[in-house]
Amino acid sequence: MDSLTIIAASSIIAAGLAIGLGAIGPGIGEGHALGRALNSLAQQPDEAGTITRTLFVGMAMVESTAIYAFVVTMILLFANPYWNYFLSKVGG
Amino acid sequence: MDSLTIIAASSIIAAGLAIGLGAIGPGIGEGHALGRALNSLAQQPDEAGTITRTLFVGMAMVESTAIYAFVVTMILLFANPYWNYFLSKVGG
Amino acid sequence: MDSLTIIAASSIIAAGLAIGLGAIGPGIGEGHALGRALNSLAQQPDEAGTITRTLFVGMAMVESTAIYAFVVTMILLFANPYWNYFLSKVGG
Amino acid sequence: MDSLTIIAASSIIAAGLAIGLGAIGPGIGEGHALGRALNSLAQQPDEAGTITRTLFVGMAMVESTAIYAFVVTMILLFANPYWNYFLSKVGG
Amino acid sequence: MDSLTIIAASSIIAAGLAIGLGAIGPGIGEGHALGRALNSLAQQPDEAGTITRTLFVGMAMVESTAIYAFVVTMILLFANPYWNYFLSKVGG
Amino acid sequence: MDSLTIIAASSIIAAGLAIGLGAIGPGIGEGHALGRALNSLAQQPDEAGTITRTLFVGMAMVESTAIYAFVVTMILLFANPYWNYFLSKVGG
Amino acid sequence: MDSLTIIAASSIIAAGLAIGLGAIGPGIGEGHALGRALNSLAQQPDEAGTITRTLFVGMAMVESTAIYAFVVTMILLFANPYWNYFLSKVGG
Amino acid sequence: MDSLTIIAASSIIAAGLAIGLGAIGPGIGEGHALGRALNSLAQQPDEAGTITRTLFVGMAMVESTAIYAFVVTMILLFANPYWNYFLSKVGG
Amino acid sequence: MDSLTIIAASSIIAAGLAIGLGAIGPGIGEGHALGRALNSLAQQPDEAGTITRTLFVGMAMVESTAIYAFVVTMILLFANPYWNYFLSKVGG
Amino acid sequence: MDSLTIIAASSIIAAGLAIGLGAIGPGIGEGHALGRALNSLAQQPDEAGTITRTLFVGMAMVESTAIYAFVVTMILLFANPYWNYFLSKVGG
Amino acid sequence: MDSLTIIAASSIIAAGLAIGLGAIGPGIGEGHALGRALNSLAQQPDEAGTITRTLFVGMAMVESTAIYAFVVTMILLFANPYWNYFLSKVGG
Amino acid sequence: MDSLTIIAASSIIAAGLAIGLGAIGPGIGEGHALGRALNSLAQQPDEAGTITRTLFVGMAMVESTAIYAFVVTMILLFANPYWNYFLSKVGG
Amino acid sequence: MDSLTIIAASSIIAAGLAIGLGAIGPGIGEGHALGRALNSLAQQPDEAGTITRTLFVGMAMVESTAIYAFVVTMILLFANPYWNYFLSKVGG
Amino acid sequence: MDSLTIIAASSIIAAGLAIGLGAIGPGIGEGHALGRALNSLAQQPDEAGTITRTLFVGMAMVESTAIYAFVVTMILLFANPYWNYFLSKVGG
């Protein structure tokens, strides 16, 4: 196997693991927060505005950990610096 | 094994793992949120509109972590940049 | 082993893992939501219509994470782009 | 090992894993939902009709995730497209 | 090792794993449901008929996920299509 | 290693794993159900007959998932179709 | 390694795993049931007879899943059909 | 490695795993039961006789699953039938 | 494989694992905190300002553990000191 | 490697695993029982004698599962029958 | 592979694992503490100053375990003593 | 590798695993018991003497499972019978 | 590979695992303690001094287990006795 | 690899695992105990002296399991008997 193939294969495997593992925590955490939010809404309907606003800002923060994993996956697939280096070496 | 075969085989395995692992967290999280939503609905039927609206917007956000995994799987299968490179090299 | 055999074998293994792992989360999540729904129904029978409607729409959303895994499995088995490529190369 | 043997062996292993792992989530989830349903029944006997109807429709939805795994297992054993291809190649 | 031996050995291992893993979920789930059913029975003895009927129909549905695993195990041992093929090839 | 030895060794390992894993779920599930049954008995002694009858019928159903694993183990050890085939081939 | 050694070594390893894994579920399950039984006894001392009788019959059922594992272990060590076959072949 | 060494080494490893894994379940289960027994004792001191009697008979039953593992370990170390066979073959 | 390829491949795999594992803890933790915050908001709406301010400062601290993992991932991909060394050696 | 070295090395590894795994269950179980005992003591100080007596007899029973693991470890290290055999063969 | 490559590759893998694993515990722990803090704030708004001050000092202590992992990761990447030694040996 | 090196290396690895795994159970168990003791103390300060005495005697018993692991570790490092044998053989 | 490289590589891997695993327990434990402290503070504001003092002394003790792991990591990286020996042997 | 290198490398790996695993249990256990202590303090401030004294003596006992792991780690690194032997053999 030449270098380009090794870099490509390990990037693909790493991308799959990063997004697969990285979706577990935020998925469970956001679902937990959402469930609590709806309980609060039922308990204090007058505060619906504050609750939903806080919920969605907060969920965006939880989502950010999933987005880190997504960003790394995208970098591994489309902007991989190691791939670019080996590509330029081959092309040079 | 030539490069094309290695890239294809590792993409297939990574696609299977990404969607398999990535469905665990959102599946549990959304089910938890939905269960809480229905409790809230039974407790405060007058707020059904706000609760279900918040629920579905929130579930869409939880779903997004599963969708990241799905998107990565689709990219790995249908728009894999490494595959395209090796394909063009073979074809060139 | 030639390329076609490797692609076929890795697709089969990935299909088995994807649907096997992908059924764990939604199975637990939907069961949790359904159990809560029935508690709510017993507590507030007058809202049966709203509760069951919200339940089934919500379960469809949870189900969607299982369906992603199922769709990927089906693609791996019946519309695998890597298989099609190698097949056309052999046939060409 | 020739291609047919590899395809057959990996299909058998994948079938065993898919149904083995795929029965864990729905088994726990349905049992949870059923247990809650019976609590609700004892609490609100007058709603027995609505509760059991919702329960069985809901369990059918949970069951569907197990059925996906079962369907994939059956496809892997009896309608495996990769097997059919290699079989036709041998027969041709 | 010839093909027949490989097919037989992988079928045996897959059968053991399928039923071993496939008994975990339904075993826990049914036990959970049964325990809740008996609590409900003690709480509302007048509804014993409805509760036990719902319980056994529901447990049959949970059992079905174990039965899928059992059926696949039986197919792997006694009606394995791959085995039949290789057997006919040897016999032919 | 000849075929008979491979079949025998893999049957023995599969038998050990099937019964070892297959006893975990029903063991926990039945113990859970039994504990709840005794709570119910203490709470509603007048319904002892119904409770114990439902308990033992229900435990028999939970037990059935363990029995599936036991049956497969016995088949693997004493009525293994693959073993019988290879035996007849050696004997023929 | 000759066949007899392989069969013996795999039987020993399978026996150790079967009883080791097979003792986890019933051990936890019976302990759970016993604990609940003693709570019930303290709560309803007049029903001590019914509770302890139900407890021991029930624990015997839970124990049965451990006994399956024990029986398989004993068969693997003392009545192993594969061992007997290879022994008779050597002796013949 | 000759047969005697293989049998001895695999017996030692299997013995260590069997007792190590086999002590987890009963250890947790008995501790759980004992804790509940002491709560019951504090709640209903007049029934101390019945509670402690039931506790120790019940713990003996839970202990039995650990004893199965211990017996198998002892058999593997001191009455191993496979060892005896190979020993007699060497001695003969 | 030359040194540059090894460094690149291990950096890619380590990057994928670091962000994949590192998103699990903060994702669950932030979701838990957010859920509690919304309960508090519903319970004490007058303190909404203090609660949300504390929530977002606190979540930023929890987020920091995910950011550590993200920073390490970025360093591994874009500012890897080992890569730079080997690159300069090759270029020198 | 000669037989004596293999037996010694596998005994050492098995001893470490047996006591390491075998201390997990009883450690958690006894701690749980002790915690409950102290709650009971605080709740019913007049029964301190019965409670502590039952506690220590019971903990001795839980301890027994750890002692089984310890005994097996000691046998593996100081009274290993396989070691004695190979030693006598070397010495003979 | 020469020594420098081995040191670099193992440092990269160890850095990824250290920060990936080391972010799990503090992430969950801080989220738990933050959630409790907000409940306390809602319950006792007059003590908001003491609670938030204690919270942030405490979270800094929890954060310290994540920082240890981060520091080790940074040392492994930028101040690795083993790397420096081998580098000086090569340069000398 | 000669026998002495193998024995020494396997003793070191087994010692590390034995104490590492063996500290998990007692650590969690003692912490649980201590926490409950302090609740009891706060609830029934007059019984402080009995509670702390029972606590420390009980914790000594829980500690014993950790001590077993520690003793085995010390034996493996400082009084290893297998090491002594091989040492005497080398010295003889 | 020469001895120095092996020692360096295994020290780096061991350092990464030690701090990565060693941060999980204290991180969760301290977060749990901190959360409880804040509940206590809200419940009994007059005891804020005693509670926070006890909290920080206690957290320092919990932190100590993380510090053990950190100290071992630092020793492995900067004061490794094995490294020093091999270094002096090379330098001598 | 010579004996000294093997002993050193295995000691380093075992030291890292021992302290990494050994910090999990005490970290969680002490945090749990500390949290309960602070609840007790808030509930019964008059007993602050007894509670904190019992807490710190108890935590020292829990800490002891972590200290065992730390002592073994230190022995493995600085007073390793196997290392000393091989060192003296080399030096002799």
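For clarity, chains are labelled A, B, C, D, E, F, G, H, I, J, K, L, M and N in written order, and residue numbers in each chain start from 1.
Just so we're on the same page, contacts are C-beta pairs under 8 Å (C-beta built on N, C-alpha and C of every residue); 3 or more make two chains touch, one makes a residue touch a chain.
Computed from a prediction, not measured in an experiment: that's the story for all the values here.
Any chain bridging chain A and chain G, meaning touching each of them, is missing here; the list is empty. Separation between the centroids of chain C and chain K, computed from CA atoms only, is 36 Å.
The centroid of the Cα atoms in chain A and the matching centroid in chain L are 42 Å apart.
With centres set at the average Cα position, the gap from chain L to chain N is 10 Å.
Residues of chain A found to touch two or more other chains are 1, 11, 13, 15, 17, 19-21, 24-32, 35-37, 39, 41, 43, 55, 59, 66, 69, 73.
Interchain contacts close the chains into one ring where each touches exactly two others, per the touch definition above. Beginning with chain D and heading toward chain E, the contact ring passes through the chains as D, E, F, G, H, J, L, N, M, K, I, A, B, C.
Residues of chain D touching chain E in their complex: 1-2, 4-5, 8-9, 11-13, 15-17, 19-21, 23-32, 34-39, 41-43, 45, 48, 52, 55-56, 59, 63, 66, 69-70, 73, 77-78, 83, 87.
On chain D, the positions that touch chain C within their shared complex are 1, 3, 6-7, 10-11, 13-15, 17-22, 24-37, 39-41, 43-44, 46-47, 50-51, 54-55, 57-59, 61-62, 64-66, 68-69, 72-73, 75-76, 80-82, 85-86.
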